[in-house]
Amino acid sequence: QVSNNVIKIGVMNDRSGIYADLAGEGSAIAARLAAEEFGGKIAGAPIEIVVADHQNKADIAANTAREWIDAGNVDVIADVPNSAAALAVQGITKDKKRIFLMSGPGSTDLSGKSCSPYGFQWTYDNYAMAAGTARALVEQGKKNWYFITADYAFGHSLEDETSKMVKQLDGKVAGNVRHPLGNADFSSYLLQAQASKADVIGLANAGGDATNAVKQASEFGITQSGQSLAGLLLFISDIHALGLQASQGLLLTTGFYWDTDEQTREWTKKFEAKAGRKPTMVQAGVYSAVRHYLKAVEAVGSDDPDKVAAKMRETPVADMFTKNGKIAANGRMFHDMYLAQVKTPGESKAPWDYYKIVKTIPAEQAFLDPAKSGCALVK
Amino acid sequence: MADDIILEARGLSKEFKGFIAVKEVNLQVRRGTIHALIGPNGAGKSTVFNLLTKFLTPTRGQILYKGRDITAMKPADVALLGMVRSFQISAVFPHLSVLENVRVALQRPRGTSFHFWKPEASLHDLHDRAEELIEAVNLTPWAGHTAAELPYGRKRALEIATTLALDPEVMLLDEPLAGMGHEDIEGTAALIKRVSADRTILMVEHNLSVVAHLSDTITVLRRGEILAEGAYDVVSRNPQVMEAYMGTGEVGHA
Amino acid sequence: MPDGATVKTAMLEIRDLQAFYGESHVLHGVNIDVRQGEVVTLLGRNGAGKTTTMRSIMGIVGKRNGSIRFQGKELIGMAQHKIPRLGIGYVPEERGIFSSLSVDENLMLPPVVKSGGMTVPQIYELFPNLQGRGTTQGTRLSGGEQQMLAIARILRTGADLILLDEPTEGLAPVIIEQIGVAVRKLKQRGFTIVLVEQNFRFAATIADRHYVMEEGHVVDMIPNDQLAQNMDKLHTYLGV
Amino acid sequence: MAAQIKTTSIKTAGIKTADTQTTTIALRRPGQDSTRNAVILGIGLLIALAAPFVLYPVFVMKVLCFALFACAFNLLIGFAGLLSFGHAAFFGGAAYITAHSAKVWGLGPEVSILLGMGFSALLGLAFGALAIRRQGIYFAMITLALSQMVFFMALQLKFTGGEDGIQAVPRGHLFGVIDLNNSLSMYYFVLAVFLVGFAVVWRAVHSPFGQVLKAIRENEPRAVSLGYRTERYKLLAFVLSASLAGLAGGTKALVFQLASLTDVTWQMSGEVVLMTLLGGMGTLLGPVVGAAIVVTLESYLAATSMPVPVVIGAIFVVCVLVFRRGIVGELQARFGRR
Amino acid sequence: MFDLLGVPPQVLFGQLLLGLINGSFYALLSLGLAVIFGMLNVINFAHGALYMIGAFVAWLLLTKLGLGYWWALGLSPLIVGLLGVVLEKTMLSRLYKLDHLYGLLLTFGLALIMEGAFRHFYGVSGQPYPIPDALKGGQNLGFMFLPNYRGWVVVASLIVCFGTWFAIERTRLGAYLRAATENPVLVQAFGINVPVMITATYGFGVALAGLAGVLAAPIYQVSPLMGSNLIIVVFAVVVIGGMGSILGAIVTGLGLGLLEGLTKVFYPEASNIVVFVVMAIVLLIKPAGLFGRER
């Protein structure tokens, strides 16, 4: 019942560029951990995992996906951080009717106007990251915002989502400054933000841009002078890279934290044994998504994409990643998110002991209402 | 009388960052003659050449070619009018064959040089003419070689053939014999004489015996200014010229 | 300083010199002796190997065998940059004026290797064309001026053996005469000079002896005072 | 250290070829024995026709697009002696225009590609007008700077879709008839485009224009003195090269149904240099071979754990150090000698 | 109080000062490039990667050997310089007699290798490097808060820049170097050990990049990618200043830092292209660059 008598999972992500640390080989390890839970085979068909580096180039992603499906018998593609690459893969998997498990990409379009019956957006999205943080801060009374935004579509959309949320809750936006992508020096923007006297400086950027901004904010004593710094898209790998000295006190939203409960710690131990470091939410999300997919295959007894997709949708998600996940019609997996604050070096007891979970954001609040997502699959 | 003057410079001057290389030079080259420009090193001969062919822009002064003011023209346009120069340092196209070197010049008047859609074969009908020119400078045995392989003297000959291919009315030769072995000098001098038949030649040359033998008129430059002008016999007896240039005449070129 | 011609010690002794450019074997056993204070010329047609002989002395050819002794020291095998430091100055035929250096910088470039070199005012006296051009970019000088500069900068270093490769090429007759005067002055001061020349009329006015080269060999040696008798022979050698 | 005396006058009677191959980017004269070339071309064509039945068609199409891109680039470096470090602007720029025409304006594939190519030609004219008066490193740097500006525009402008690029570009029907969604039809269409582009390069090199271009590369002042307005020739070469790079970029946009920022980055400009260098600058087939190897390597390495940039970088280094003439150049030198 | 186009003057001063700080980085990096280009005729594409390695060496010294910032300041440029010496001896030295473009291509490849290798081993998110204790804190200048460390960066790089300028333009050494660029054989024939001098120059040039890397480590993340974006801008600086002109590199580096600072206030979106726009304009008007001499 299984095509080509093998269940082939293609983990495609950035293995050498800016997302290599938050996804990369770690995502492949996470997928393998999921496969091991099924003893490496389902219904006699072995589970095989292949990997590819899309180098953050949409055309390479598209090419690899096509080739995997056309010539490599790949049944399911997982991860794909970088929204452009994910959009390309989404198009192809939709055309060719293959399941696509997105853990890495954040664009809400993937479960919005570019949604697909076979596409599942698992771990987070830009809306959840931005809106979650914004809501929590505004509710704490930090109503006046200033944005430092990466000047391209992704940065703009992060800023838009956040400022919509801020305004909706009667906050206001004092101003913004747009910096070019791949900027090294943020002192100038930080000074402008400081001069605005806003309560919160929102960093609508990612990767190296975000970490450099955080580091320099601490150098210029921004947080000491009473302003809060909110990273709208920061991952634990970024915090690790920054060190607590520079990042302490920062507020951010995350879909997973390894030190949440017994189950997460136990899984983390297994992961760490292979990867040599703690998992990010993207890697944990790959595990959860692949596991959910394999469960559906097992239940259906076939890897037929239509049947498996239907099964995935009707089954609730319950694993170490989330206790009460549900998949909406647009492919969005709804689960609780967490608002975290980065610990001070004094509070941190062990390596990777970085977050204090300040608040759990219920799934309905965390994610965009499917009806408003613009996805044609939502009636 | 005015018709007789094919090339004329009026009050030509050139300064380089405060250094005056050419000062108020008035030069008239008569049609159909061989006119030599001599003078000690640094007198400004090459500079005058570069000014006349527009490879340099004069600081002051005017250049007239066939009565037409060409002071503001571009160098390529001057060449199009029929005034073509050679260089003091040998100028060939080193990786093109001898034939191709000449053909590049021959193809120019055709107007197909921008035609990137035409085959190279459309140039083959130029080969006869090219071979004639190559023959004229005794390069026939070398026709298929790349220019880089030629000995120095043969390169100079090739340069002359290339220049002749344009059938210029005025040829400007900058030290055509410099660096040639004794064996080549005579041949090249004879060649220059031969091709001067229906054109005008202005040349810079240090080899006085050749200058004496070839030229109708000689202009002597010194420190950017004209010191003397006239036929060889007249000029060579001018005491100022002897002092500034010829010296006692004991050690001149063989 | 004693008159060079009477001193019999060989300052430069070249024995069975072989030189190669890559695969091509250019010098086939050259033998030359130069005594202290002499002016010696190398004559020969284009390509005879005159320049290569000089470059071999300076150690800047691809490969060389045989023996070159300068004041008793073997040069073959010595590190290239040490050779000039023994007191040998080289004026290459292509002059080698540096375009990224001003005239003054060109003039001051070669390090002084021995005392007794000419001073800058003396140099200007010898080559008045160079005066006042100090800040001009080196290669903006006219061809002849560059030649003067190339000679001038070696005179400054105090090297006592000077190798001049075609110093008169492209120069006006007056200047050639001046260079002749300069060479004679240098000789009087005890410098030893090896000169490559095509212009043997010039060579005849200054040299003590002439070596004639052909195809990588020395084929003849003519003392200057026997030049007249050997004129015919020389003409055949040089193809005049 | 080997001898390098700048000769102001070389006047030895012997043959001094040693300096000729080293002072400029090594160049071979093409077309000496045309029969052998014809045989090679014939075999190449057969392979190209059969390829989609053996290899994955999209992969071969990618190779063809990059091969054309490299050929276009080579027209400039190999035959006009100009190193452009900004060719990605033409490649990627045309990709955007083609993608936009096909997706938003709903134009047919052939019209879309032509529009992309036209855009590159205009861009090339603008770049060329600015850069052509300079040579060597300066030329490289100006083209790099200008292409960086194009990159930032692509990042900022609305229609390019920022870092997402223009996705899901319809391939459409060729001349309204042939459905290009069929991968074989698409393949033969791309092959045809490539062959046309390649033929243009071949013809341009072996044309009266090509002769003048070579002369200019060899000795520009001399060409001027013969009455050639050299800037116009270089400009035409630049525009031709830019247009063909645009042709390649537009076609690639349809193959992948995508136009993205990758295609306008300076790394892409570097990649095309690598392809050309690896295959052999100034040879006609070199860029094709180079492109095939680089594309194959990249897609092979993507599935291994080897770091791609390290391998690519190592190839670069090896090429520069030991076979500067590139693969085809090296072969020609070896067999041409016999 | 009046505003300048809507920007209060204090902010403007602050921004100018920041521009100067960035400019001193540009100056230091472009100085190294200019030294290498001016003397070796090589466009050192690997400069950005060597800058990155400079920062990484500092980080490795700290984490593996426990050697702090001040040690790194001395050791890291030395190590990078030695690496440069090895690269020059084994590879670059074979290319001098060829077209300059080969030097560019070789170092382009080297840059890919170095960056790729560091990415492979250390990932890309970067590593934290603390500001040394002695330079923590800052000064309140009234119009802005100036971290002490940034002040130190400006002072240190200006000293190094002008020291280098003096050594090259005002001493005999500089003349040797320039002459050797043109005609190494002849300079050798004057009794100067050219190969050693050239190797040392390259080593020195890249050591400057290493030094810039150490200076940058406490400000930016120590990441394998830190050099690759910067290098293109630094190229532009060198071209604007006039390739090979030492003074040009320094002055243009500082000037462009200031200009960029102003752009960040008035039109931040353009701050990445302003350098290239300036470059295009300068080259049109003055082809050899602001301080370059035409060859």
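All chains are identified by letter, namely A, B, C, D and E, in their written order; residue positions are counted from 1 within each chain.
The rule is short, and it goes like this: contacts are C-beta pairs under 8 Å (C-beta built on N, C-alpha and C of every residue); 3 or more make two chains touch, one makes a residue touch a chain.
Since we're looking at a predicted model, the values are computed, not measured.
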- [ ] Could you tell me which chains make contact with subunit A and subunit B both?
- [x] D
Open item on the list: Spelling it out: a chain qualifies if it touches subunit B and also touches subunit E; which chains qualify?
Closed with: C, D
Open item on the list: Going by average Cα coordinates, which chain is farthest removed from subunit D?
Closed with: C
Open item on the list: With contacts counted as defined, which of the two, B-D or A-E, has more C-beta pairs across the interface?
Closed with: B-D
Task: Chain at maximum distance from subunit B, centres defined as averaged CA atoms - done: A
- [ ] Let me have the rounded angstrom distance from the C-alpha centre of subunit C over to the C-alpha centre of subunit E, please.
- [x] 45
Task: Between subunit A and subunit D, centroid-to-centroid distance (C-alpha), Å - done: 39
Open item on the list: Centroid of subunit C to centroid of subunit D, CA atoms only: how many Å?
Closed with: 51
Open item on the list: Suppose each chain is reduced to the average of its Cα coordinates; what separation in Å results between subunit B and subunit C?
Closed with: 32
TODO: Could you list the positions in subunit D whose residues touch two or more of the other chains?
DONE: 2-3, 5-6, 8-9, 11-14, 152, 156, 307-309
Open item on the list: Two-or-more-chain contact residues of subunit B, please, as numbers and ranges.
Closed with: 151-153, 178-179, 181
TODO: Return the residues of subunit E touching two or more other chains; collapse runs of consecutive numbers into ranges.
DONE: 116, 119-120, 182-183, 185-186, 188, 194, 269, 272-273
- [ ] State the interface residues of subunit D toward subunit B in the complex, per the touch definition above.
- [x] 8-17, 20, 27, 29, 31, 200, 203-204, 206-212, 214-215, 218-219, 221-230, 232-233, 236, 240
- [ ] Would you mind writing out the residues of subunit A in touch with subunit D in their complex?
- [x] 15-16, 25, 50-55, 57-60, 62-64, 66-67, 70-71, 83-84, 87-88, 91, 107, 109, 114, 151-154, 156, 180-181
Open item on the list: For the complex, give me every residue of subunit B touching subunit C.
Closed with: 16-17, 19, 39-43, 46, 88, 151-153, 175, 178-179, 181-183, 206, 208, 243-254
TODO: In the complex, go through subunit E and note every residue touching subunit C.
DONE: 172, 175-176, 178-179, 181-183, 185-194, 293, 295
TODO: Using the touch definition up top, name the residues of subunit E that touch subunit D in the complex.
DONE: 43, 91, 93-102, 104-106, 108-117, 119-120, 182-186, 188, 194-195, 232, 235-236, 239, 243, 269, 272-273, 276-277, 279-280, 283-284, 287
